[in-house]
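In the two assemblies presented below, chain A is common to both, partnered first by chain B and then by chain C.
What follows is the complex of A and B.
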């Protein structure tokens, strides 16, 4: 059978057909009614809003929120040994560590040295989690707290005491598999 | 009909003190309806978009309009260097005046007995009803045009030019749509038209008239999908770009008042005013509530349309007005006239 060029003609429809006349009027009216039906369907679907301050979306376990410093549970010594690797890894340069030597009378951490000053400037932090990855002792981890706004910038510089303190439970955590 | 009476009043004229009292009362009713409509719009629009709408101020956000108005009224008055001062001050006042003027026409009920004085539950009942409404509608557009022009900014000017063209395109079909009603009712008094609807609301025999009137009303009250004169996406607010604080409040109130007035007029002309269908005859004191209920239902439809249709392109607006609405309204008037004469 010979090739019929007529069969390969592709009809391209760009937009609706020419409007106007009674057909156009009818179509415009019908389309408006269809639109009204669609919006009414949205009305019946109910509300998707989460009333934020009263109601919060639980965060995932690996959510990267405000940092926390940790202690050993048995001895109560700080895990941080003041190695400054987190400060070196930090891309936005917001961690400041000043190390000091542990002495037998004044033992703060389990290692040879400890962090005498440990400050994170949260107004600079980009919450990338590199500090957590760089830390050889898992002394610093990213917590779940994300409500960090404050009235002035200096209040956003978190000191070692603030980072070591138990975080206020204000962020719901998603259960396993939720 | 006695043509020597000023304003060509028809029906009953109350004593002068009752006229003053009822004009104050109806103006206050109009003012009270504005926040209700405002809140309805924001709440219902929210539901259409799967959200709650404002719900923080007061119970379920009921106090939001008051917070809005306090915010607007306490703003600093300002005006551009290029503005024409006195026109810039006058235009918003003209806009709210026209809206209140048209509000006087909305009939809430027939003549009733209030503490021994027979009182009509309407601001004024004139023998030229719809013409009066059109006159004030034109003045409210005039205030929009003046405001846009007096602002001395190009966006405002574009908005006011659009307003002028839109007024001309949509007043004509709106008027034509009413001719059918007037021919059927054989009167132009709004209370007379309502009384003529006993047995059958005009939305049924004048369905096309109703559709045309409604579409033209969206354009007249400057509501989506015909809000080209303030099209915020392209004109940053159109005629009210340069207005702020109390002047903007006046424009804002006038827009919502116009919406209420148009709903009231549509209720009187097409939806049977204070009459109920199926032979239900409620007590007389319910009449104003029935009218307000129908008005709010019509406003809800306004909001539904706003949630549905996108803003028209300018040439589409023009071709809809002249090529569709005007012939439809004319045909409707013509056919109605033929039927009325044939009977």
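What follows is the complex of A and C.
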């Protein structure tokens, strides 16, 4: 069936065709007042708005936010050995690991190998936490930080240094029983 | 021994009736025909007969009270096998628990993780829990077994695969197991590094991460990489390989098992020289000589200038084509030379042109032996070549034939061969006298006296008689594996005739399982000849309209000023051609030298005016032809590095710029054109060639191969080998490691050869030279320096030097006699 442009014209009704008298007045003011009743009725409920970013909802301990890489507390060596299992487990393919070998002069991790490059593309990450599950050395965990917006996509590729750095404490943690 | 006849037997595996060839091992038969996997560690059919070391493959066979190792039981008729009864399951779990007692839990740092048979078997058949809490055994780790291989003895499960490879496949006898019980470890018998031409194969064989490749160490995980199948073009063996590619870089090369080509093995050059693809030395942008130095320029300028130089030179252009050129590039070069510039002076044979009739006779499809024939023939005659240097993987095939199939190996060469110990008989003749030697064999076979011919070849007449007696007794399936050296040099045509006569006397024409197999000097030499990259032949080995100059004559004409420009397509005459002096003069005189090269080899560095970057074999697409007539396909596996462009496209563009567009829009278009124009390739297509290749000589179209004259040919008396007379005869050889790729690969650099002067102990003593000393080899005022290398097996009166190495190459010397002195 050919398209007939004439049939597609819709008549826009911008108001009553003729002035409406008392019915018209009711429609203009009465209905408005009826709506305002609901509005004013809510006044006694108080304010529920959270003034983000001044105020934040505390997250649960197992909240899966931005990843963190960890070091051993005693030796300061990286826990990550660059095994790439996180990259294998990642369903959105956002982790890239390039391993290298430790030398006695340049020891980065505890094992034979370390991650020379460890990048997570957070604009692609779906925060499923599989990387944390896959990690045999507890080197990567999901942190609490969820404030990840940025003006530039490439800034959302987090490097090893960024992931190893102490995270900025900007997300409150929910206390026991809260 | 001829190929065993395949007789099918039927057996029952897990309740299913299965047909399998008699004599096949149960583990193989179950997987291949029964779709049942019996887990194995120590067994791999390509290593040879099973040893049953790991006990992983235990199965129940009705009628035998105890469980049997599935890898070492051959299938028989009526056999009833159970592979998943509770008894078998318990045995598998117990064996895995036992194997894992000492295996460290370092999968996250182990390079094998993700492609590890131990992981797979433990996951598939293991119990999941270990009862062992005792400490595991400890060794120092990781250690370098060689500069190429790292060994981690803690991970070793003592399956013997590597040791068996070293002792039974490559037969270098270097790897052994030392100590007993849990203290057993793999090492070399003398604790020296394991350096051998095929050592890298053990990293692929190891079922755990005990032997890993050092260049690949920690580079990637199996899930980080993609496998891309192609063909290695570093030597004429053209092994089928699979590149591990990550981020458009080749990180490793693995064998892509092909029974008809490589039998699943690779040499270390093929396995590790991939590194040359990604080194800084590689030429990845066009360059032009400016003020005596090569400087990078834009593509437009380089092409424009090359077109100008070539159209200026016109018919006074010559071209040398190296073995790594594909058929497509070869055809486009002939278009550029013949149809565009009007020159017939192009050659792909370094030894000079062979009469076309003889070339046809040598390449006749009925006379071609295949690679598997080497393994199953009654006898193999290795004539004037050294497989381990010229086409390494064939060396393993010959060893397999001798060891497992009773092949009678006969060797006739001038230089001692690595295969001598496995040969039924090995004969030496003077360097360059292959023709006389072949003629002597022919005469003896015909019942004439061979003594004078043997003397002319510098061979022992008794050896010739004995060798012929062996050939006669062996049986009708005889393969002659001959080197292109036999048909190079001034008497090349006579050499070819002598060889053809010999083949005729042995009845090799049309013989199933026998024939001739050439080891050419270049990877794709055979393909290039067949598509007409010869001065005297056009596409399909048809007669050329006008015969041009061959490589030798091109050099002479350049030196004399008759030719003014030369194209070096993957060819460096200072490395490849027999005479360096001639080519130094020729290139010095040439007004335009246009090179397609990947590395700044001597001729390119010193003489090229314009250098176009050559694609590496991982970047190339096209077809090549294996010496046994298998047409194989190269596939592009990675992005071209730097500014490198497709070379077929470049050759087409050059021709178009000069004014004769070949109208080649894609590489496959050129391939299709080749399949159309070469009569004996008719009906081939890239799809048909696929991943395994097609032997054109086995197809019906082979009947349209141009007719060749039949043997016997009349032979004239060959010249008598020069008598040393106080001097030494000069022999030359090209080492497996003599290639710019090896030199450029960081991991292989330690193998890149320096000149060494091989001589016998008697000669060394006479000249007062000791092993490892610096010596000078001189003739006619030219001299070459090298380290003296005394070989017990070297024949007296002959000295061997390497060619194809930059600097001190044997090509600098004019034979046949040289003087050797202490430097």
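Please note the rule applied: the second predicted complex is superposed on the first by the 137 of 178 C-alpha atoms of A that agree within 3 Å, B and C clash if a C-alpha of one lies under 4 Å from a C-alpha of the other, contacts with A are read in each partner's own complex, and residues count from 1 in each chain.
The rule is short, and it goes like this: contacts are C-beta pairs under 8 Å (C-beta built on N, C-alpha and C of every residue); 3 or more make two chains touch, one makes a residue touch a chain.
In this text the structure is predicted, and so the values were computed from the model without any measurement.
Touch criterion not met for A:122: it reaches neither chain B nor chain C.
In the superposition on chain A, contact is made by A:49 with chain B only, not with chain C.
Of the two partner chains, chain C is the only one touched by A:137; chain B is not.
Of the two partner chains placed by superposition, only chain C is touched by A:81; chain B is not. Once the two complexes are laid over each other on the shared chain, residue contacts for A:111 go to chain C alone; chain B is not touched. In the superposed model, A:157 makes contact with neither chain B nor chain C.
Shared-chain residue A:59: touches no atom of chain B or chain C. Interface residues of chain B, counted against chain A in their complex, comprise 47-52, 304-305, 307-309, 323-324, 328. Partner chain C is touched in their complex by these residues of chain A: 81-85, 87-88, 97-101, 111-113, 136-137.
Per the touch definition, chain A reaches chain B in the complex via residues 20, 25, 28, 32, 35-36, 38-40, 42-43, 45-49, 51.
Chain C makes touch with chain A in their complex at residues 106-109, 113-114, 142, 217-221, 223-224.
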